[in-house]
Amino acid sequence: RRRVVVGAMNLTSHAGSFIALERGYFADAGLDAELKFFQAAQPMAVAIASRDADFGVTAISGGLLSLAQKGAVKVIGGALSEEKGIDGQKILASDAAFKAGLTSPAGLDGKRFGITTAGSSFHYMGARIAAAHGGRPEFVPLQKVGAVIGALKSGQIDAWSIVPHIAKPLAASGAVHIIGNVADYLPGYQVTTVFTSAANAGGDRGLVEAFLQAFSRGVADYNAAMVDRSAGEAAMQAVVDIIHKYVYADQPREKAAVSIINGSMRLNEGAAINLASVRDQLEWFQSEGLVDAGITLETFLDTSYVKVIGA
Amino acid sequence: MADTAAGMAAAVEVPFRGGGFAPRPKRWVGPATFLALIALAEWGTWAGWISPLTLPRPSAVVETLIALARSGLMFDHLLPSLTRLAVGAALGVGAGIAVGVLIGLFSHLRAALVPLVAALFPIPKIALLPLFVIWFGIDEGSKYALIAFGTFTPTVVATFGAVDNVDRSLIRMGQSFGLSWWSIVRKIVLPGAMPGILSGLRISLAIAIILLVAAEMLGARYGIGAYILEAGALYDLERLFAGVVILSLLGVLTSAAIGALERRLLGWRG
Amino acid sequence: MDIRLEAIGHDYGRTEVLRDITLDIPSGRIVCLVGPSGCGKSTLLRLIGGLERPARGRVLMLGEPPADCLNPLTFVFQDFALLPWRTVRGNVALVLEDHRLPPGRMEAVISDVLARTRLSDFAGALPRQLSGGMKQRVAIARALAVNPAVMLMDEPLSALDAQTRELLMDDLVALWTRTPFTAVYVTHNLAEAVRLGHRVAVLSRRPGRIREVVEIDRPLGERGYADADLERIQKHLWGLMRDEARAADEELVDG
Amino acid sequence: MADTAAGMAAAVEVPFRGGGFAPRPKRWVGPATFLALIALAEWGTWAGWISPLTLPRPSAVVETLIALARSGLMFDHLLPSLTRLAVGAALGVGAGIAVGVLIGLFSHLRAALVPLVAALFPIPKIALLPLFVIWFGIDEGSKYALIAFGTFTPTVVATFGAVDNVDRSLIRMGQSFGLSWWSIVRKIVLPGAMPGILSGLRISLAIAIILLVAAEMLGARYGIGAYILEAGALYDLERLFAGVVILSLLGVLTSAAIGALERRLLGWRG
Amino acid sequence: MDIRLEAIGHDYGRTEVLRDITLDIPSGRIVCLVGPSGCGKSTLLRLIGGLERPARGRVLMLGEPPADCLNPLTFVFQDFALLPWRTVRGNVALVLEDHRLPPGRMEAVISDVLARTRLSDFAGALPRQLSGGMKQRVAIARALAVNPAVMLMDEPLSALDAQTRELLMDDLVALWTRTPFTAVYVTHNLAEAVRLGHRVAVLSRRPGRIREVVEIDRPLGERGYADADLERIQKHLWGLMRDEARAADEELVDG
């Protein structure tokens, strides 16, 4: 059995990996998988470049594109994506900004929009959503999701966008308000992708295929249990149990379950990837001068493993 | 009595005009200040004129610490941090002392390395974090490297300064008695540089503790720094302060340890 | 102005340093204090100058200090105690600045004392540029600037080399001969004591007591570089102190 | 010749056994080392045995710097950073010197504050970032505060150490001439403490530059620290190194400025 | 073993420090070097000891050093140069350790020299516990331990107070009387020179040249504390040097 290190974060969007590991799908595919946890997406990409990890799931960011350009990593499939009709990422406004009139994304122009770092997915979303109404927000880099939450709660930034299981409890507390859905602006948005080192993608097809196969089984289980709810209540509770081992592990099961269920978003079946969304993201990063203009889709994308959608 | 001797002259006692400008230890003031500040914070947070967003209640911090110790998590966080500190600082300080002594002894090395060290000194280590991951991996390697790198430069500077400050007349004495170069280095230069090296060590270890948090920004699940960062990200002030208190104690302990080492090694200073 | 020490005693912690010192310092005369290392000479001088308070006994000033005296009891220290960041002139000015002298007066005083100590050419020099002997001349100029009633000199020459010491002794004699001053002069050096002292008080080992007070009648100006009479007194003093000096030298400083 | 005088005796010249242990300046070695290292990196990245993941090509870094300067963005980044450094360091150093002098002069304050400062010293400033944001807001306030706080403690320590080290015999001299307390402080204690205070300043400003990156982690779009962080997030090594070079130069310049200040203020040391 | 200085000259940068020094140091005698501050006495001693290379001229050793001599030219420094982290015994041991003596020999040598300098009771003391006089006795013990052919002493007493100086002079005379040693003895102090020197060489101001060499015949043991004959020689020497000493003292150290 091949040893592989799978990079993950303590988020429901990584459920595909959790389920594949817990239910032995990796083992079935001949892989001896180990999960390695990261606090942020950027270090995970760096870790794959440095061969500390073999596979990861993360948003397309400027850092990922840069590493791909340096020949270190390759995107091989899709993971999380926005889908009309399924509760997706929310656009938030702080209480103060809301009271001052920021009640819809149309008012984002000139507002302080929280992001973790320049070139992060938050940066892309904020810019695209505001641009839909002809606006340009001021982006405030805060490094960590926790810091963005704090800044939004205390009204030091005006707006942010984030996955539903974080957005909903925040809105419930009254400190912030949901003013829109990301899916309305970026339909089919390919939020996160599966990626590996360029060496794996180019030279170890067997390994990559094995991983994708196991990962896809995990994804299928998740979608069935949590998104489509077609597998029944017991199956859903079983998946929640698995996810709870990794997400909100420090909270009691009942409390965590609510958040986990709230946060359910579609993962791409068979790790299919939405090429149109990916292209749009690349173009935006390039137009902002965040990544080199010479990067092409081929530079960072290997579409030979999974189905391409939206092309 | 004075009058009998000096006749009419007035006898005045010499007025006292000395004293002062000599710090006297006041043992109770230090602890009392700490207690007063903590009591103030407790009262403020309890009465409400300090908002819980501004400062956690001291008693809550203490409770957090106790819970942390009870659950055994304290140990889970301390062990990796202490290991990182020990390994990283040992590497950085060891290399720093070696390079510092070489710089102190050889003019060519000094000319080559001193500007290099001066240029490395003001580089913030967090800025290099992404590079360290590529160079040393995401695991313990990059954490050791970060702490080692952070302690290396101040140790070098302190060490070659200490070697420079070794009394040249002692070295001349050694030469005048025909001592070999190696004897002079071993018996005169190194012991003579020891006080300076130890006080450099004090600074280096303080820096190592400060860098712990930066080192644990990347890929650490356990460790005091990771604990603090997590608490910070969650705006959990109790845990944040609990972590800070642990680091602060660690700093005080390290400093006391070096004090003990100094008393042992530098007893000759009296 | 005379000084009288009345049964002075002093301790540091549990160490008795001085015991029952009674001594008169008459106006216009130089009283030398000699004694082995650590017998409390410097302590006694600090007590006289008011820098410390005696544990027992009193230090009395008898009579009025001279009219324009700014600091009746003025020290000259072994280590010169010059401010390294001030020039020669600035170091002298330091002790006048607090006194709000009439305009022009300060400049006049400084020029006068620098001239008397033959330092006029060096008014702008910094201490680090001066030899030890010159530094001590600056310290003496500074002391003269406040026109002291009594100069308290703590081994003023012992940080200097033998030749400079010789030269400065001549300078001191010349200064005293022009305008006699009162001084308590602490020294280890018996040659200095017999050259400069009208009265030499010999202290015993710690706790310091007065063992003998020797009067030397010959006028200061007539005492030569190597004078047989003085040699005799010096030999007598050395005889008094020799064994104690040896014992003091062989004492361990601590533990 | 010797033989005529000493008869049969052999005349041997005294062998030389001194020298060494005295560093000699070698002007060309320092720059040469820099150039050699840069040339090596250039060659390695060009030839490919240094991967672009590990190190950027030096010439590319220089190009980035030139482009940055040409586009005027350099100025946009430098201005806020320099302002933050100036304001933060001025606050921290000013307060540090004031508190340090007070600690040096008053025993009660010393007893109260020294343990406090010792406990604050090992607290990593990044750990407190979230707290500073709450206390001082996300804008310039928290950045000033972070730099001020980071420079405060080392300045206090250096200053009261410097006051303690003022030659007591000079103070005793001042008292013996009847100088007022305030005169002694102003004319003896403060100038005497100046060398120690300035060398403390050197360290404090180095720390300020290092803290710039941490300070600009939260909510800064412009600034050298923000530029470095952004480059790190984008894994853009050229820009990362360009930023680090700017900080390094800033450090070297600050150090030179303090050197000039020392030569001016401490000319009396010769 | 004799030492001969042949037309020694030396410079530091563009300053000429010594000029054309020719001098013999005969075995078993003490040659004193006196001269004003900065005239190059210490430099000359360093040249003799091989710690610096003369710019001009040669320093020659004539004849063989004694059989068990470990370090023919041995210094005694003004500032003692003791390692503060070693005990008295350790400081003496330092200069023997490199010589691979037969077992037990080192201990024997150390005990012997400590006894000769009356330091046996202080073998375990650290330098900081000792008075200046004791420290210099340790330095002398250390020098004796290597059984030098020539002792090079650079103002060995000038860091000591006058009384200790007196005591140590007696010690040196006693040591020399028991086993005469060869020495070059630099001093500022003419009293020391006439007490300890068989031959006194007077140097001029910088650049140092030899102005006069005075022979003193009276045996060391017979020279007393204040001796009229010696006083006469001392006065003569002082006459030679006085003006130069004054000029040297008033020189600014730089700029």
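Every chain is named by a letter (A, B, C, D and E) in the order it is written, and numbering of its residues begins at 1.
Convention: a residue touches a chain if its C-beta (ideal position, glycine included) is under 8 Å from a C-beta of that chain, and two chains touch if they have at least 3 such contacts.
Quick caveat: nothing in here was measured; it's all calculated off a predicted structure.
Q: Tell me the chain pair with the top count of C-beta pairs in contact.
A: By contact count, the leading interface is B-D.
Q: Just the number, please: Cα centre separation of chain C and chain D in whole Å.
A: Measuring from centre to centre gives 46 Å for this pair.
Q: Measuring from the mean C-alpha position of chain B to the mean C-alpha position of chain C, what distance in angstrom results?
A: One centre to the other, that is 46 Å.
Q: Distance from the CA centroid of chain A to that of chain D, rounded to the nearest Å?
A: Inter-chain centre distance comes to 42 Å.
Q: Counting only residues that touch at least two other chains, what does the list for chain B look like?
A: 17-18, 53, 130, 134-135, 172, 175-176, 178, 229, 232-233, 235, 270
Q: Residues touching two or more other chains, restricted to chain C: which are they?
A: 49, 51, 73, 128-129, 254
Q: If a residue has to touch 2 or more other chains to count, which residues of chain A qualify?
A: 42, 46, 49-50, 146-147, 150, 154
Q: Just spell out which pairs of chains touch, all of them.
A: By the stated definition, chains touch in these pairs: A-B, A-D, B-C, B-D, B-E, C-D, C-E, D-E.
Q: In the complex of these two chains, what residues of chain B are touching chain E?
A: 169-170, 172-180, 183, 187-188, 191-192, 194, 266, 268-270
Q: Can you tell me which positions in chain C touch chain E when the two form their complex?
A: Against chain E, the touching part of chain C is residues 36-37, 122, 125, 128-131, 133-134, 155, 158, 161-164, 166-167, 187-192, 225-226, 228, 231-232, 234-235, 238, 241-242, 245-246, 248-255.
Q: Under the touch definition given earlier, write down the residues of chain C that touch chain D in their complex.
A: Contact set of chain C toward chain D: 49, 51, 70-71, 73-75, 77, 79, 81, 83-86, 94-95, 97-98, 126-129, 142, 146, 152.
Q: Touching residues of chain D toward chain E in the complex: what are they?
A: 1-2, 5-6, 9-19, 270
Q: Which bits of chain B are touching chain A when the two form their complex?
A: Per the touch definition, chain B meets chain A at residues 53, 130, 133-135, 137-139, 217-219, 221, 229, 232-235.
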